[in-house]
Amino acid sequence: MPATAPPGAALVQMTGIVKDFTGVRALDGVDFTLRPGEIHAVMGENGAGKSTLIKVLTGVHGHDAGEILLDGEPVRFHSPKAAQAAGISTVYQEVNLTDNLSVAENLFAGREPRLGPFINFRAMRRKAKALLDDIGIDLNVAAPLSSYSIAMQQLVAIARAVDIESKVLILDEPTSSLDRDEVEVLLGVMRRLAADGTAMVFISHFLDQVYEISDRMTVLRNGTLVGEWATADLPQSELIGHMLGREAATLEQIERAASAHRVEDEEPLVEARGLGRKGSIAPYDLTVRRGEVVGLAGLLGSGRTETVRLIAGADRADSGALQFEGRRVGGHNSRTAAARGIAFCPENRKTEGLVGDLTVAENMILAMQASRGWARSIPVARRDKLVAEFIEKLGIRPADPDMPVKNLSGGNQQKVLLARWMLIEPKLLILDEPTRGIDVGAKADIQRLVAELSADGLSVLFVSAELDEVTRLSDRIAVLRDRELIAVLESEADMTTERIVDTIVAGGRES
Amino acid sequence: GGGDDSGDGGGSGDGLVVGFAQVGAESAWRTANSESVQAAAEADDRIAELKFVDAQQDQEKQIEAVRNFITQQVDVIVLAPVVETGWTDVLQEAADAGIPVVLADRGVEAADEDLYVTRLGSDFAEEGRKAGAWAVETFAEDPDGTTRILELQGTTGSAPANDRKAGFFEVLDAEGLPYELVDSQSGNFTAEEGKAVMETFITTHGLDGIDLLYAHNDEMGLGAIQAIEEAGYQPGTDIQIIIVDGSKAGFQAGVDGKLNYIVECNPVFGEQLMDVVVQVANGEEVEKFTPVEEGVFDASQFEAELPNRKF
Amino acid sequence: MWPLIILLALIVVNIVATGVDFIVPSVNEDGRLGGAFVNILRRSAPLLLIALGMTLVIATKGIDLSVGAVYAIGAAIACQTIIDAPDQTAAGLVFSAVAIALVVTAVIGAWNGVMVAYFGIQPIVATLILMIAGRGIAQLVTGGQIPKVQDSSPFTELGRGAFLAVPIPIWIAALVLTALALLTRRTALGMLLESVGGNPEASRLAGIRSKGITVLVYLVCALCAGLAGLIGAANLGSADANNGGLWIELDAILAVVIGGTALLGGRFFLLGTAIGVVIIGTLEDTIINVGLSSQWQFTAKAIVVFVVALLQSPEFRAWILKPIKRRPAAPAPAPAEEVQAK
Amino acid sequence: MTTQTLTERPARSTLFDGLTRYVPIGATVALLIALYLGGVANYPNFDSPQVVAKLFIDNAPLLVIAVGMTFVILSGGIDLSVGSVMAFSTMACAWLTVDAGIPAPAALVMVLAFGTLWGLAIGAVIHYFNVQPFIATLVGLFLFRGLTLQINSEDVSMREIEFWQWGMTHVDFGEIRDGGFWLPYLSFVAFAVVIVAFVTLHYTRFGRGVYAVGGSESSALLMGLPVARTKIGVYAVSGFCAALAGVLAAFATKSANPLANVGAELDAIAAVVIGGTLLTGGAGFVLGTVAGVMVWGMLNTLIAFQGNLSSWWARIVMGILLLAFILLQRVLARSGEKRRT
């Protein structure tokens, strides 16, 4: 382990950091101190500047003012490589790996075990296997990374960062698409590293995780520093108050809107019969009624994404049939699905969701425009009104419809994607991990929005790694395991986190 | 197994198999040349088959074509080299394989003389000289003293462009004609660029006071003529024009009085070539250089010659 | 903005070399506008047409190498049709010759588009096929000859004529530019194109007919190339299947990129492309005007392109300005290391 | 639940995972063999081993630039300057040895150094100034064609200089007249380039870095890979290869021609892409490029053996063969590749 500075002295000291992007001041005189051996959470709403702070520290962005000290020495890294060489290892917010290379190569890129000048692939695969075993995932390390889901890729990225021996480990929303079990493992690894003396920066919108693991927290709001507290001294409600700049009372748990109306009476909107796709998901039956919220639960890789993609027309089913509004659907694809009123908000916003170069407004109206055809462009006034309305409703910041969407913070990008699909006023809204990387306030807003929409008769099919969210919002829950739909939980009593976990375990035993 | 050599000469009993590595199809002249050779081979009983490969103006492709002929064991190889140098090895390979080589059109460097049997073609420098001689004669008593000349060169670096330029000015210098080369640019042997360059010449230098336009081929010359007409001048009258090649279109322009002198560069030598090929195949003595019959034509001859033009 | 500055600089160089006549249009006897700059515009019309089509293709992250060959095919078909007819001056004949040429080139474009969109072949390879075969097809049409249309045929008006004193090629190019600009900016087509180019998978999931759009774009590009071929052929009164539009694809791509459209797809700028085309056209004249020999053509082009490319790069400008702006000894971060979340 | 295996493992063979990326190159090779057999069945003397050997004689320079191009394309870039750099290098060889009288080995080293430096320079411009590779290297295309013409606008012979004889020295395998074949030294140089490139791309950090940068440049940067070095490096490799190809061309013809290799960059790109490398970067193999060059040469050989095609039919047939090839390759690759989600 690298030697650490004397206790109490700062390992990383950032003072008065200012970072301007064209038109936006992302950081405005922010101070940040990381002490040896501590786990330090950086908290804030979407767009508060957390990721930017990390990127300034690690040399991705240069800063316009301020000073960075590492071990008391002033530093200014010119590239992440330099930061890495100085002992700062980072997992950035979006999965930043190269998915054309194999898992093992991603884990060891730039530091491959070598024999003379040549890479020793055998040793690399062995070490990769061991490393992944260590954090409890079992992958084919020789397979291209692209064959794994975004969650898997996130785990690989974490494994890579953890394995790089460093005095500072930075994790920017590492858990956004992980299941609770993976999160547990990650937290375990973090504790172990902390015990070994590694200082860590942890960014997450999951408050319970933050409270479970962190020693101190720094709160940012709108690019400015709100303050720094020891975790133990700052109650959750106060933290939220600091983050949002308003009272936390609004954030009470949302009542299940489902109880307000009896969905059983409604006619089915979607009926999948024996729908399946070879090598991806076993044939399944699934019904979604009007106004109903159906959640999909399962472990990573259990086939939730595949299940909804078939209904959304993103993939072609090779068996079974789909009925929509009582009529059999033929020639199902993304375009016809959207025309019928099926909206699909995919899980990977970077590759499947947004068009980075287009503006916020353009990204929002994309689906709506697509369904109207190119010739009938949406009148500017109408478009501006709709866009403004959703920027307001979802709290997208900065509230600038003309900003390229790639310049938005992760959470705000997610909101743009949601807005795109809400805009077309669909009959069925399919959400795959809709709240990834979204801050507490906005998450509550979105959940409320889903509840409201379903009360108005919209059906929702959604996938989330957070079982709490699934149980809270759903009228029924479909449980998947091993690329098979094994159960549909209907009764109030069944819809608890424990029941779901039990079903998954039992489902495996029975089959 | 490569023991099957039955192809040897493609059945030498009923005629020769000839491989013809042509430069490309870059101009009407070249196409006329290819067609002439192909037609002559077709019509000739002594030739069983003509293997024709178009190298698209690329020496590497042409060398490859010659090697392919060697592998196919043709009886005679006809090569119209893209450039003069760089043929030693492949010609040596042909010699080693016992296949005689005849050059058509352009030549190769002198040091390789032993590696081919004969060359049949035009002498570009001579064409330049012919053009120069007419210029000297026509402008011997130019009223304003110096002859002001515009030149439209062929593709920069190509043998015809280099030689036609060199031959022309060689004569002008030798005869002591007082002249000024006002501008000289490449028109890449195409009408399109010839016209564009001429337009720019006109806007830059004007045409008043310019005596002569020397275009390295018809196409450029015809393009230039259009540019001159569009600028409101009379080609052939306001400015004297010499072109090299002598296609139908060129002669037609001459008949219309739009140009003054044509130096012929004759592509239609297929029959002449076949005779040479047969002689070579039979091991007869042939001259090292057989010139293609070519003439020069001035305004008085255009009308009469036009019907004889084959391309 | 930078391309515009370069263009102005080139114009200034020309004015210094040849006087203000360079830019001021003159009026010919027959009432047509002439003069150096008008000539440049007129000559640039075919390149502009092709570059406009290319802009759209590039916006979808594609590329079309076959435009030069399509140019030759368009020219060959029109000229051959006309000279095969008994009366070359008949307006109906010219009209149908043009129509045939345009239909054929449109079909070729659709073919390219289908190869790219439906067969999933990389655009550069898909269009390479026609780049190779296309000139062969054009030569086949003309039988290897260079068909020459009578000067009296109305066909030549397309290239040489004038309407309201302005040369017809300029009209056509301006019209197509306006039409495409309206089509892409007044309808949603432009945005959908940029979306397909920026992220094809996301576009598909958003319900965009990306395949149809791709085919359309290649079709338009080939149509533009065919039209360019017609203008070129009409200007000369002949069609050279082998050399017509040779390497024009490189100039077209160059113009597109000078105009600010990235080859990686996404945002496109039709007007920028137009400026890029005029820069290239002016450059060729500049070389002659400042009295450089033919050998200089390539070198001068290289230098100008290099300067444009550098000036367009914010990183380069920052680097050049750095010593002026800030003097402190502290090493500023190398600008290129900034990651714009791409 | 224990943390034994948190994730579910789909039933999917690991063997298959590893093999999918070899499908395009497998298809290329299979079709290449089919082309060859087609030639043997139709033309006399096509079965002569020299037909295959010839692919590596005439295409040795193309192979070398295509290998350099493979590096660049894998990294997500493109290098349009190779044809001109190659012609310039040949001309420089002639100029240095014939006109300036510099000893040929020294000239050779200078030319190779020049190619590498040019690559470094343009790579730096591309990386640090974020200039699009297409444009930056297009500058090279124009610049070196211009400079070549300025050195000499005519072709120059180097035959008088002993050194340039080396490249075409034969190595005979068996008796040529009955079933043997020969290869010149320069083919072996090309083979050596392929081997070095293969090892570099697959077994060194630089090589893997090329794939990583091609996969996602911003990710590679965030992973702390030496992106600058890699990006500049690939252009240096390509520049070196182009200069080397120029030297090989000097060996092959002992002459320099200012108009040589016009369009060679497109041939190289075509060969690389036919060999299964994606133009978008990150996926492909240098051995695929070898296959691509062989396909290119084989198509030309077939047309030459056919021998009765006029200029235009030759082009059209070339286009049709290429089309058939690419479509078949695509069909084979598609049926081999499992659609991922």
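A, B, C and D label the chains in the order they appear, each numbered from 1.
One rule holds for everything that comes next: contacts are C-beta pairs under 8 Å (C-beta built on N, C-alpha and C of every residue); 3 or more make two chains touch, one makes a residue touch a chain.
Computed from a predicted structure; not experimentally measured.
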Subunit C and subunit B - chains in contact with each: D
Reference subunit D; chain at largest CA-centroid distance: A
Pair exhibiting more inter-chain C-beta contacts, A-C or B-D: B-D
Centroid spacing, where centroids are CA-atom means, of subunit A and subunit C in whole angstrom: 44
Averaged-CA centre spacing for the pair subunit D and subunit B, given as whole angstrom: 34
Between subunit B and subunit A, distance of the C-alpha-averaged centres to the nearest whole Å: 71
Subunit C and subunit D: spacing of chain centres that average the CA atoms, whole Å: 29
Per-residue multi-chain contacts in subunit D, two or more chains: 149, 153, 218, 221-222, 228, 310-312, 314
Contacts with two or more other chains, residues of subunit A listed in rising order: 60, 79, 314
Numbers and ranges of subunit C residues touching at least 2 other chains: 139, 144, 295, 297, 334-335, 337, 339-342
Chains grouped in pairs wherever the two touch, ordered by label: A-C, A-D, B-C, B-D, C-D
Residues of subunit D touching subunit B in the complex: 43-45, 47-51, 54, 57-59, 61-62, 149, 153-157, 159, 168, 178-180, 249, 252-263, 297, 300-301, 303-305, 307-312, 314
Contacting residues of subunit B [partner subunit C, same complex]: 24-28, 31, 34-35, 153, 156, 183-186, 188-192, 195-197, 199-201, 203-204, 219, 222-223, 226, 230-232, 249, 311
Partner subunit C, residues of subunit A touching it in the complex: 55, 59-62, 76, 78-79, 94, 312, 314, 334-335, 337-339, 344, 346, 351-358, 362, 366-367, 369-372, 374-378, 406-407, 420
Residues of subunit C touching subunit A in the complex: 186-189, 191-192, 194-195, 198-199, 201-209, 213, 266-267, 330-335, 337-342
Residue ranges of subunit D touching subunit C (in the complex, touch as defined): 125, 127-132, 134-136, 138-143, 145-147, 149-150, 153, 217-218, 221-222, 228, 266, 269-270, 273-274, 278-279, 310-316, 318-320, 322-323, 326-327, 330, 334
